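Notes follow the structure.
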Amino acid sequence: MKQTAKIMNSNKKIKVGIVGVTGYTGQVLLSLLAKHPNVQIHFLGSNASSGQLIQQTLPQFNHLASLPVLQKAEDINYAELDCIFTATPNGFAGKLAEEIIDSKVKLIDLSADLRFKDAQTYDEWYSPLKAPKAKVLESAVYGLPEFNRERIQQAQILANPGCYPTASALGILPLLQDALVTTEDIIIDAKSGTTGAGKKAEESLLFSEITESFSAYKVNKHRHTPEIEQSLQSFSKSENSSRIFVRFTPHLLPIKRGILCTIYLKPVKASLDSIKASFHKHYANKQFVKYVDETPATKHVYASNRCHINASLDERTGILIVTSAIDNLMKGAAGQAVQNFNLMFGLDESLGLI
Amino acid sequence: MKQTAKIMNSNKKIKVGIVGVTGYTGQVLLSLLAKHPNVQIHFLGSNASSGQLIQQTLPQFNHLASLPVLQKAEDINYAELDCIFTATPNGFAGKLAEEIIDSKVKLIDLSADLRFKDAQTYDEWYSPLKAPKAKVLESAVYGLPEFNRERIQQAQILANPGCYPTASALGILPLLQDALVTTEDIIIDAKSGTTGAGKKAEESLLFSEITESFSAYKVNKHRHTPEIEQSLQSFSKSENSSRIFVRFTPHLLPIKRGILCTIYLKPVKASLDSIKASFHKHYANKQFVKYVDETPATKHVYASNRCHINASLDERTGILIVTSAIDNLMKGAAGQAVQNFNLMFGLDESLGLI
Amino acid sequence: MKQTAKIMNSNKKIKVGIVGVTGYTGQVLLSLLAKHPNVQIHFLGSNASSGQLIQQTLPQFNHLASLPVLQKAEDINYAELDCIFTATPNGFAGKLAEEIIDSKVKLIDLSADLRFKDAQTYDEWYSPLKAPKAKVLESAVYGLPEFNRERIQQAQILANPGCYPTASALGILPLLQDALVTTEDIIIDAKSGTTGAGKKAEESLLFSEITESFSAYKVNKHRHTPEIEQSLQSFSKSENSSRIFVRFTPHLLPIKRGILCTIYLKPVKASLDSIKASFHKHYANKQFVKYVDETPATKHVYASNRCHINASLDERTGILIVTSAIDNLMKGAAGQAVQNFNLMFGLDESLGLI
Amino acid sequence: MKQTAKIMNSNKKIKVGIVGVTGYTGQVLLSLLAKHPNVQIHFLGSNASSGQLIQQTLPQFNHLASLPVLQKAEDINYAELDCIFTATPNGFAGKLAEEIIDSKVKLIDLSADLRFKDAQTYDEWYSPLKAPKAKVLESAVYGLPEFNRERIQQAQILANPGCYPTASALGILPLLQDALVTTEDIIIDAKSGTTGAGKKAEESLLFSEITESFSAYKVNKHRHTPEIEQSLQSFSKSENSSRIFVRFTPHLLPIKRGILCTIYLKPVKASLDSIKASFHKHYANKQFVKYVDETPATKHVYASNRCHINASLDERTGILIVTSAIDNLMKGAAGQAVQNFNLMFGLDESLGLI
């Protein structure tokens, strides 16, 4: 990591671009990076509002002076940048990655384009989009820092995990790694706030439709299903990793930010004590993930990069229930992206996040 | 009212059509009319979903059997109907009124098309739309039953009042009629739930934008301003009626249904007792409007056709504060439309509403 | 049912009392019964507000004239009544049932006191309360009309089911009866609005604590667990009924009314078609329960007595996901109580409910 | 300010205590001070949870290590502290101020105890509480930094303004100072989120009561009325300052955090340009208050210490409408308290706030 070292030594700021900055994830990214001590924001991309200052559409940024004018995504000049964050619809970052892979610029993508090792899975679940070239997919590193730190530190192209996959993997992986639960009986009943759906002007996302209601959606069909399975398979260190598959049911909560996953697992000769011990051991020196003694609420992690996890063992029925809570825009998106950024540039992992 | 009398005598159901039935107001109209003992629903118009059954888009109507298939608004055959309800965007009902004015069918319009006596006001505030022909405007009756009952009973074409104008007029008119407040110092600080904005897929109406926030909108520019003024001028019985004008500031509440108007008035030698007496007198035999001793909350009138009104006189500063609460989809739209329907067809005013 | 028949013949109104009328369930009961064509409200009990009119605390009832003054629960004179509804904290109705069991008055209890056939289960889960006498428990009929109609029609003492148990049983029982799912792998991930917790002035139920948050609670410990199991065991018609047990995880939604249960089941050689057919068959002539083709939302059953159910079979993982939605205050409490009342008094099942 | 200077020079941390840390304001204070570079948290007072760590009741503070155990408020040893923040019910800080006035410790009180120069006003509006001794009231400085900076910099005892008074004064004072509006016709229609009411376990503050509803409360009777008037009178620089009085109507919003004041004023020969110019001039170098071109929404200042202000002049009716938005827990309480703390200790005004 010569480049990074140089930047750090010279105290030179890291020049950053954000594409898709006016979306919900992009906004949080901007908030975080604008306060980050080592960052200079050099490019802000927004197709919808190009030519304007972001303050003109989003008055919450009124206090930020000297931000660059919004530009079209395509006008990004990556040679001028040290790092690009893409908070764009699926299909954009894959192409950008193909362009920049031979340059020095680093890419942190918050879309799904670079998450799959297997192009076929992407092609199938994200049809009619097509996966990026194999060279790019091979190069891309899945950015779950608690389980992939070393590769992240070396990454040029980083695939930032989805929100549901983050909350799910953090609640399951310690137990899979320690072989405390079976691989074949995983059920994830997940609930997300509305910013997870993005800033799309759709009837079904109107306040009048969502307030005072609750429902499941895309049952058995949500695109995060294969991502969760790949994540569990990659990091489980289990002999049975190829036989890990999950039933994943997402629901839409009438809240803005927050994900809670209620995960049903079959313990393998495991006591609640051994399960707690597993979580404590795996997250002992992970400052953003914490086992808590009461069932977590999304408000406890609101606007933070933390994940709270609790486990409950039903002796009567032999089921283990793990609940994990994150803020979908933080640990589930922009916060984790900044955590990955810190690791990729040799900075303290929590810089700009606490 | 020969026609009506005949219908009633023969116990024949009144054949009704609803145009714009899938909007928020249309939905509530359908709920009410489907339970109304004297109504047969004969036509349901929805341009967006024509060809379907309404249950296919709106499962809350699953319990209603034998509803007609949704049709294009333009396919309405008014000769087959006794009464048409239009819950359509502005611009539709005015033209329909021009067509049906020489027929026997009655029209109850919930848009703004037929509310203004003065075409110029409509042309100005609803530009680029144009007011309907003078013949239609003259014929149209403003449907505020508590102050215009007799004309409503004779109406063929009825302009159902706007939601803000209803809540405002009910809170002010008794005091203007009794000359207890000045005509020139009326301030209406109004707050509405999101269904008042209709089912428009706009970014600003997304759950993620509205929950946990609050703001004013269209300050000094809302189209209900001239309607409120016309309503107050028409029914005030005041010598100064031409000098009645209002400052009207609407705000958007993070709730689905409900309007609260906080109205600031200058009393003219009026005690709180005389003000209360005025409300009690005017609404003594009006079953849907009630003076209450505590400040009203929108939840107290949720899903009802009622209006709750309270007054508070600040002796220290000489200001009178009237608060009035309605459900914008009921007394502010569909409920009042059914109330008007009952009056127009010689039925008990509260039929299908309690 | 001589008595009932007599009442019906003579067109005499059924004299009804509601104890606990100012709670959320009690309020909805009052709304329904006040509009019920065969009911005369004769007694309203509220310890907190005795001596007042209900309108003084709850202005939403302002339109109801001639209601009796609120009295202490203990002042009920059951000899004057044909039917008592108890919407009281656990512990009250059991004692009342012991008193009235030898009289002619019928009792419909919305608390948990009379739901358990096995006193020991009640004593254990509702400690320190004690189950009512055996004579009462034997006499009490569990009021799930879709599966217990005939006994309900003959009941003097009726135990109205809990909200979670209703939504759960309606989503599972057809499949158990038709042996389409295993008995031992039932997981119910349930989410409820806040009125399910009652009108308790507790910090954890404050708006500031609940809005914009979500969490599980009482994981593995909720009192509805044994009730769900008893209900499934009683009505499953399964040889394995003694081996039916459930994992039940309740969550608190930031909404006022509504329950959604997401139920995970293991199908036994069942296709999705056979599962749908089972629901359609069982609910063919049940007007309040309906299989729907899209995943149900709680808003679709808001303020109605209906239950909407959908099933989804994940071929890939072999799991069946059933979602069922009710309004916890209606089909989950007061609405079902009125449905039971209609059956107990020989009336049309849906009277006052549609 | 010798003491302060010394602290700064030696780079010694400022030792701080927070009394009432588990309330909503106290929690935000703790979040801010825990990240403040010059602060060491030395005492945390909470009568309700004394003896525990704050993380045990409030898991959102799980990431904060090495906080002192919660103690009874009365156990505070002020001699060990440089600064005490009191986020306590009215009645506590007044007594504490009497104790510490002759010591070196500084006090920043977020209750109403020290806000009134006139003991009689406090005694009347806060009865049965009694105002602190005259010596204390004289010494206390009203902490509205945009209008009282110099006195704040010298203060030992600081009265942090109320939330409504802050939003009101910031929207009115520039215009009063520039004589652009009359002093006698001020109407403030104010709307606040529920945290403004504190963490009181009252029925009226339950989620079930507040969601999907809206109402005014304490019309003409809210205790912030005299505080707003005192603030306007103190800082207006107007000849008519004694004749400044306001009509203040608070409303409760179904949101957690946020205040919007809609202020009606009578302009005195003022154009909209002159009004905008006045705001721009007064807030030119005030980083936390900003005139914005669109009507502000509370979400734009959520969790920030900023105030956004907009003005609209209705030429037709001659009324000026000013809207001002703050976060009631930040600029309306804890944020402003930290801003005052920074000024009192000679630090950069925005330290720990941006």
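The first chain written gets the first letter, and so on, giving A, B, C and D; residue counts start at 1 in each chain.
Following the convention adopted for this analysis, contacts are C-beta pairs under 8 Å (C-beta built on N, C-alpha and C of every residue); 3 or more make two chains touch, one makes a residue touch a chain.
Just so you know, these numbers come straight off a predicted model, no measurement behind them.
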item	value
Smallest number of contact steps required from chain B to reach chain D	1
Set of chains adjacent to chain A and to chain C	B, D
Chain located farthest away, centre of chain C as origin (C-alpha)	D
Euclidean distance of C-alpha centroids - chain A vs chain D, Å	37
Centre distance in Å when chain A and chain B are each reduced to the mean of their C-alpha atoms	47
Set of chain A residues in contact with two or more other chains	209, 211-212, 254-256, 296-297, 299, 302
Of chain B, residues touching chain D in the complex	187, 189, 191, 209, 211-217, 219-220, 245-247, 249, 251, 253-258, 260, 262, 264, 295-299, 302, 312-314, 316-317, 319, 321, 323, 325
Chain D contact footprint on chain C (complex, rising order)	24, 193-195, 197, 199-203, 205-212, 254-256
Chain B residues within the chain C interface of the complex	35, 59-60, 62-63, 211-212, 287, 290, 292, 294, 296-297, 299-304, 306, 308, 354
